[in-house]
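Input: structures, listed below.
In what follows, chain A forms one complex with chain B and a second complex with chain C.
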Partner chain A sequence: MSGKVLTITSGKGGVGKSTSSANIALGLALSGKKVVTIDLDIGLRNLDMILGLENRIVYDVVNIVEKVCKLNQALIKDKRTDNMFLIAAAQTRDKSAVSAQQITNLTNDLKKDFDYIILDSPAGIESGFKNAMTPADEVIIITTPEISAVRDADRVIGILEANTKKDVSLIINRINPRLVKKGDMMSKDDVLQVLSIPLIGVVPEDDNIVSYTNIGEPSILHKESDSGLAYKNIVKRILGEDISFMEITEEKKGFLQSIINFFKE
Partner chain B sequence: MEKVAIKGKNFLGFELEINIDKIDEIKKELELVLASSSHFLQNTLLTLKLNETNKILSNDILKFLKDKNIYINAVVVADKKGCNADIPVIETKNMHLLAEKQDKQIATYRGNVRNGQTIRADGDLVITGNVNSNSYIYATGNIFVLGKLNGIPHAGYGGNNDAIIFAFALNPPQIRIGDFITRSPEEGVSLRNIKGVLPEVAYINDNNIMINTYEEWLRLKD
Partner chain C sequence: MFFDFFKKRKKTSANQAKERLQIILAHERATNKAPFLNDMRKDIIKVISKYVDIDPKTINVSLQKDNSVEVLEINIPIK
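Then we have the complex of A and B:
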C-alpha cells in the first residue's frame, strides 16, 4: 500500500484547520479507508480533543521521532471506527522539537500501512508549517470568507507556488449566507477571484460546531448537521467522486422567527 | 536644489547630479553621499551630470570616484564645449534621442502575484493576472496589470516621472510613480468597491498622481 499525504493548512489561525482535519479524517475512515492523522501543532495541540481522544494519549509525535517509543505504540485508535488512528502532538515541547526530514521519514513509514496520512498544520508560515508542507502530496487550504484570512491564505499559496509543485485545493469555511446576502461578507466567488485555486468544498457556519468540539464528536458524525454534510461531500471529492457544490442558502424561517429576527436587526 | 543628488532619470541608469562648483566642496559632499549609499553606487549603472561651471572639473571628480570604486559610464552636460572628460560626454538634448532609439524592454509575468511576493523589472512590466494585497511590483518603466491591482505598484522606479500604471481595477493602498507617492482615500473600502472592473490609469500631472479611467486618460493625452 502506498498512502497519500494530505496536509491541511491555512496561514491564519482559528479558521478551522483542526476541525476540518478531524472531519475529513473521520469521513475517509468511515468510507472504508485506513487513515492516520498527525497533529503537528506541537505545544498547542487540540486535534485530540476535537476527536474526543484526549484521555488515550500515552506517546506523541515527538516521542516517535526521538525513538522513545515504537511507532505502533503512539498510534491512538479511534473509539468509533477501527480505520482511524491519531498521532498526537507533544504539549510540553514546541515546533522546533521535530524537523521536516523527521516528519517525512515518519510519513514514509506510515505510507506502507495507511491510505491517507492527514497532517494538521499549525498556523503561521514558520518551521511548523514547513514540517507539515515538506512531506505533503496534496495540500488543502482552509479559509474563512474574511479579508484577513483570505490574505493569509494567499500568502501561503504564494509560498507553495514559488517553492513546490504540489496540488493545492481550497475549502471555504464558516460561510454565512445571511451576511453574504447583505453584502457584509465575501461570497464564495469573491474568495475564488482572489485566490484562484480549485475549490474542494464550502462549509456553512454552524453554531453546533462549538458543542461538537466540546464533546469531542466532529460534525460529520451528526446526520442533521449542515457542516457535517458539507464535510461528507468534501470527503467524496477527495475520493474522486464528482459531487456538485451544495447551494448554501438562508435557512427557511417560520413566520414567528421572521418577526423575531426583524426586531433583532 | 541639492548639492549632490542621485537620480534615475535616464536610460543609462542612475544619474549622479552635482550642482556645486568648488572641487573641495564637491569631494566633501560626495563623501557624505557615499557614506550612505556607496554599496548601491558600486553595483549600478551610473552617469555623472555636471552643470556649466563645474564641467571643467570632470576628470578630477571621475578620479575621486574611481578611487572609491565607483565607475561612471558617461558624463552628461548641456554643452560639450569645455568638458574634457576621458569617458563619453553626452549633451542633455541628445539624451531623449538616444532613449528613443533604445529598444524598449518588456517583462511579462504570468499568473497572480500573491501576498508577500515582490516582482522587479527593468523597463515595462506586464502582469497577466491579479496583483493581490501586500505584494509589491517595481518597474523602471510602465506597469500594466491585466487584472486587479490590490498590491503596491511602483512605476518609473528610479525617477521616471513619465511612467504610467494601468490596471483593470486600480485599488492599491498606495501608488508610487517615479519620485511621487500617494495613498488611497481614507474612507472605508467596502466589499462592493473591490468589485469594480473599469480599466484605469494612474499618471503624473502637475506634480500630482492622478487616476482616471482609461478612456478619459486617452482623451486627455491627445
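Then we have the complex of A and C:
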C-alpha cells in the first residue's frame, strides 16, 4: 500500500481545521479506506476531543519521534470504525519538539499501512505549519467567508506555490445563506474569485456543530446534519467522484414569507 | 421597472469585503513573491538616470508569470 498524505491547514485559527480533519478522516474511513489522523497542533491538543477519543490516549506523536514507544502503541483506534486511527498531539510540549524531517519519516512509515494520512495543521505559518506541509501530497485549505480568514488563506496559498505544492484545494466553511442573500457575507463565488484555487467543498454554517463537538461526534456521523452532508460530498470528491456543489439556500419558507422577502430585498 | 423601486441599490458590505481583499492581496502577492522589487526599482532608477533623462514616476517594474516562465518586466519611457 502506498498512502497519500493529506494536510488540512488554514493560516487563520478557529476556522474549522480540526473539525474538518475529523469529518474528512471519519468519512474516508466509513468509505472503506484505512485512515490515520495526526494532530500536529502540539501543545494545543484538540482533535482527540472532537473525535471523542481523549480517554484512550496513552502515547502521542512526540513519544513516537522520540522513540519512547512503538508506532503501533500510539495509534488510537476509533470507537465507531476499525478503519480510523488517531495519533494525538503532545500536550506538554511545543511545536519545536518535532521537526519536518521527523514527521516526513513518520508519514513515510504510515504510508505502508494506510490509504490516507491526514495531518491536522496548527494555525499560523511557523514551524508547526511547516511540519504539516513538508510531507503533504495534497493540501486542503479551510477558510470562512471573512476577510481575515481569506487574507490568511491567500498567504498560505502563496507559500505553497513558492514551495511548488501543486495539489491544493479549498473548503469554504460556515457559509450563512441568510447573510449572503442580504449582501452581508461574501458568497462562495466571491471567495473563489479572490483566491482562485480549485474548490473541493462548501460547508454551511451549522448550529449543531457545537453540540456535536460537545459529545465528541463529528457531524458526518449525523444523518440529519447539513454540514455532515457537505463533508460526505467532500470525501467523495477526495476519492475522485464528480459531485456537484450543493446550493446552500435558506430553509423553505411559506408563500407569505416569500412575498415579504421579495419586498425586503 | 416598477419592481426596481422596491429593490435597494446599494453597495453591500460583501462587495466591499471582496474589493478590499482584491486590492490588498494583489499588493501582498507581489511583495511576498519578490520582496526585493522595490529596492531594485530604486537602484535601476539611479543607474539609468546617470545616463538618460527619465521620470522615476513612469518606471514600471513587475514580475509576471506567463505559463511556466517567470518574466521580470521593466518599462522605462525616456523623456
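Just so it is clear, the second predicted complex is superposed on the first by the 252 of 265 C-alpha atoms of A that agree within 3 Å, B and C clash if a C-alpha of one lies under 4 Å from a C-alpha of the other, contacts with A are read in each partner's own complex, and residues count from 1 in each chain.
Please note the rule applied: a residue touches a chain if its C-beta (ideal position, glycine included) is under 8 Å from a C-beta of that chain, and two chains touch if they have at least 3 such contacts.
Model, not experiment: these values are computed from the prediction.
Once the two complexes are overlaid on the shared chain, A:Thr104 sits clear of chain B and of chain C alike.
Contact with both chain B and chain C is seen for A:Asp184 once the two complexes are overlaid on the shared chain. Residue contacts after overlaying the shared chain place A:Ser31 against neither chain B nor chain C.
In the superposition on chain A, A:Asp152 makes contact with chain B only, not with chain C.
By the touch criterion stated above, A:Ser196 is placed in contact with chain B alone, chain C being left untouched. Of the two partner chains placed by the overlay, neither chain B nor chain C lies in contact with A:Thr81. When the two complexes are superposed on chain A, the residues of chain A that touch both chain B and chain C are 147, 151, 154-155, 158, 162, 183-186, 190, 193-194.
The part of chain B that touches chain A in the complex is made up of residues 111-112, 114-117, 129-130, 132-135, 148, 190-192, 194-195. Of all residues in chain A, those touching chain B in their complex are 147, 151-152, 154-155, 157-159, 161-162, 183-186, 190, 193-194, 196. Residue ranges on chain A touching chain C, taken from their complex, read 145-147, 150-151, 154-155, 158, 162, 180, 182-187, 190, 193-194, 262-263, 265. Listing the residues of chain C that touch chain A in their complex gives 6-8, 10, 12-15, 17-18, 20-22, 24-25, 28-29, 32-33.
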